[in-house]
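Shared chain: subunit A. Partners: subunit B in the first complex, subunit C in the second.
Right after this comes the complex of A and B.
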């Protein structure tokens, strides 16, 4: 086997392919678009123009490209007092692990394009959730390695928030799994055939999951670890240049990946499209549908910035434990009831 | 902060303020320096000591923007301090210089004509609204509410333009001068002012929906940073901070200056003493200032134009200056005013700025310079509140309390 064939085989292998193309490139594009939308939509609400002059015809979309270029070429300062190895490793590892759930998420019902063997697909939701809960650890590590009071406080806040939202996210997704009676994302999507989407059948679980995503990626009103007014940039205070971009982009990429999971579990996945044979109908079009739905969720979360301020940490935790956790449990109960009376 | 006066469990300082009980400081206390290079600090430093997430001690560390206003006021004649003192709070320029001008007027024995008094009040209220909106904007960005920030900053522009139309300058107007003001209202100003008032009333309603009744914002402000009435009195708080704690103290009412006793307005007072009450005081004050602007504009429109400087100064005007004053409504500063001598004596000027009461003590030894100008600004009096409002709250409450106190370092440091 020639080298290029081997390379093509490795990249063509669905898990690698999905992490590289949908993960790195797709989420980069989505993040840029989401940041642009966030700024543009907020500007509309706030009665100003937002990004404009870099490319008036595109509505200033190139501003974000320019920002990215600036981050990429900026000199990354590594302060003397930081713990260098975790300081450098944390953002990179955090970003990669944030994208890893894509290695197990199916984008089609056509088994030849599944990232995992059919037997392992049975647990795809659980595996994806397990990986998706890892990246915050690297945020805490980044704050700890920075050796800066603001970074440490930001990291501790992140830790508090993880404890609050992780359980809610998992229980919320279990609501979908309970309704369908399977951890297989393909089966969960298949059960939503004919617009029996779980967002309609089990809105409680969807709401819990949605808020958990907002919390986990520190979007408003839960932008607490990076709250500028007290802790400067939270765990990322000491970061600059491309490392800072990785940290901040990591939040958007995590949001994107969790949104894809939500789309599969609640928004009918690749429906109304029915994947057929061949690369185009069997893989590319369904994945485009999934990504498009995920983008809608990401943009909806971005828009919250224009409406809300940020909660206090203890209020966010209060809300998570006192309101959202019972909500997520009610979602599971609702899912079980629906499964027993055979709605789904 | 010296080691001797701080005791565990509170402070006992030289002024004999009562000891405020706070938690005993253990060895796990973390010291965090908020500022002066911090996005949430302004030009000051707040040294907080936190036990976990709870502030046990807070020390406002001021003086980073001290610009020797009082000393500079002693070396540049009697007129030039006016544009200087404006720099303490440029968005509140008329309010902050008017008491100085009034103190100098007392020493000189001149008085502004009635029309000039109305004009001064007009600009004072325009400035008050702009100042409140500015504080409001900073407050909301502290709470992470970027929309309210942009709205308040954008709507402040309306009043800055109104001030520009009136005085010719957006911010540092240098409008009141001893014996009068520098300009009469231009043609079409009353309609412009009424439009601005109508617009702002509509916007206040939108602020209420978007910000004041936003559940997230309310939960951040209600019951946070409570300063009880007696503590507020003891600390000597002034302005909206005192009125938010139930103290009905406003120089415009207590000791009416200019034409405030002829105008119909209320001073809003809230008794809760928390951050939300202080915010509501400011919003209500904007509404009251709008009322005052309407009344003043009506009066100015109805009454015939008259010289806007004192009789004794007007008499000394050369014919050209008189012509300009009559045709364009502009009172030129006469050259002799730059080197004028003011009779010996001492005078006090008080006024209510957007942030509270400002006091000038001006002493003259009969020379071309003031012998002494003592300035007590409202922010300098309010800064002590940090020390007592912060302990017991969480670190995330710091911006909420800071913003609600509307503390402005350049004004406090002078």
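Right after this comes the complex of A and C.
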């Protein structure tokens, strides 16, 4: 067995393929496009032109490539007073762990392309949620290791936000699981056959999950930890160069991963398509459908920057505990009622 | 006089319904502008604002009208204008030369206030209606007497198309194309 065959076998193994190709490269492309869309949509709504001059025909898309190149080749400064090991490890570990849920998410109903053995697939939603709750720890660690007042305040804000949104996100996803009666993502998608998508049957839980994703990845109305008007860049104040890009890109990649999870749980996954046999029909086309739906969610979140201002920390926590938590619980109740009637 | 005592009711607390309604309203407004954008940005080198004739742009000298009174140099608030002495043939005594003073201008200092044009008793100075000219080095912005008498080339007009900006009640700023080139 030649070396390139072994390499192809390793990369073709579904967990590695999903984390490396769909996760890393795919979410890099998606986050570049999402940042461009964010700037362009905000410009359209606010009667401006947005990025333009780098490539007028593409609407300034090359601005983002130039930004990426600048971040990649900038000299990363490590201040003398930081705690070096956590300072360097936090963005890298945060990025990797943000992508890890993709190693347990199925992109097709064909069992030969599942990333987990069928017995473990029974709990794929739970495992994915459990891994998805880890990355904020590294944001707090980055803020603490920076040894900077702004960074510490940003990290504390992130901690406040975590305790608000984690519960809402998990309870919201449980609304989908309660309706179907299974933690198996494949079964949840299979239950949405024929456009009985859970976003239509259970919009309350979807709304809770959507706002929880917006909060968790500090997208616009809840861009509290790194609000540049108050705390310079929050936990990322001391970072520069590629480390800053990892931190900021990590939020977009986490948003993309959570959007994929939302697509599977609420938007019918690969649903217009029925996965068949073979690599193309069984794996690649369904995953393209899932990623396309996830991109729509990411762009919808990006659009919020155009219309909203930033909430204060207490307003966000007020909204989370007083409105969204009852909303998520109501979503679970609605899912149970639908399951008992037999709608799903 | 005793201070007036009165009751002032607190503002009514916003209910949940109000919050939901205003959120939906702002999202619909955003989508409306996203679908139908009303951009006001002037894409500058490609289109430039056509300025009116009285605009205070670059200042040009008509040398034959100048009487060397130096009022322009004295009134200049930023000391951009200076008088220089040049030799000229004397019309009264043919064959002999005489010294005469003329103004020159330093566009590093000029603030385009136009006092020199206003104060000139013989209207020897006048404005052109453009001011956006780029120089490669600072030394080019010192104009000598020959440069001061020529209108500078307006390169923006060669590249862009002139527009006039009109204020509209609903649309904000509207750009109306103008045909003639400056």
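Please note the rule applied: the second predicted complex is superposed on the first by the 341 of 344 C-alpha atoms of A that agree within 3 Å, B and C clash if a C-alpha of one lies under 4 Å from a C-alpha of the other, contacts with A are read in each partner's own complex, and residues count from 1 in each chain.
Rule of thumb we're sticking to: a residue touches a chain if its C-beta (ideal position, glycine included) is under 8 Å from a C-beta of that chain, and two chains touch if they have at least 3 such contacts.
Owing to the predicted nature of the structure, the values given are computational and were not obtained by experimental measurement.
Asker: Output check: A:149 vs subunit B and subunit C. Expected answer is one of first, second, both, neither. What do you get?
Answerer: The first partner, subunit B, only.
Asker: Between subunit B (first) and subunit C (second), which, if any, makes contact with A:70: first, second, both or neither?
Answerer: neither
Asker: Could you figure out whether subunit B or subunit C reaches more residues of subunit A?
Answerer: Touching more residues of subunit A than the other partner does is B.
Asker: On the A-aligned overlay, A:306 touches which partner chain: subunit B = first, subunit C = second, or both, or neither?
Answerer: both
Asker: Thinking of the overlay built on chain A, is A:41 touched by subunit B (first), by subunit C (second), by both, or by neither?
Answerer: second
Asker: Which holds for A:232: it touches subunit B only (first), subunit C only (second), both, or neither?
Answerer: first
Asker: Show which residues of subunit A both subunit B and subunit C reach, each in its own complex.
Answerer: Of subunit A, residues 45-48, 306-308 contact subunit B in one complex and subunit C in the other.
Asker: Which bits of subunit C are touching subunit A when the two form their complex?
Answerer: By the definition above, subunit C touches subunit A via 16, 26-27, 29-30, 33-34, 37-41, 43, 172.
Asker: Across the complex, what residues on subunit B touch subunit A?
Answerer: Checking each residue of subunit B against subunit A gives 30, 32-34, 38-40, 53, 140-148, 150-151, 154, 214, 216-217, 219-220, 394-399.
Asker: Spell out the residues on subunit A that touch subunit B in their complex, using ranges where they run on.
Answerer: Of all residues in subunit A, those touching subunit B are 42, 45-48, 149-150, 153, 220-221, 223-224, 227-232, 305-315.
Asker: Flag every residue of subunit A that touches subunit C in the complex, lowest number first.
Answerer: Answer in residue numbers: 41, 44-49, 52, 303, 306-308, 323.
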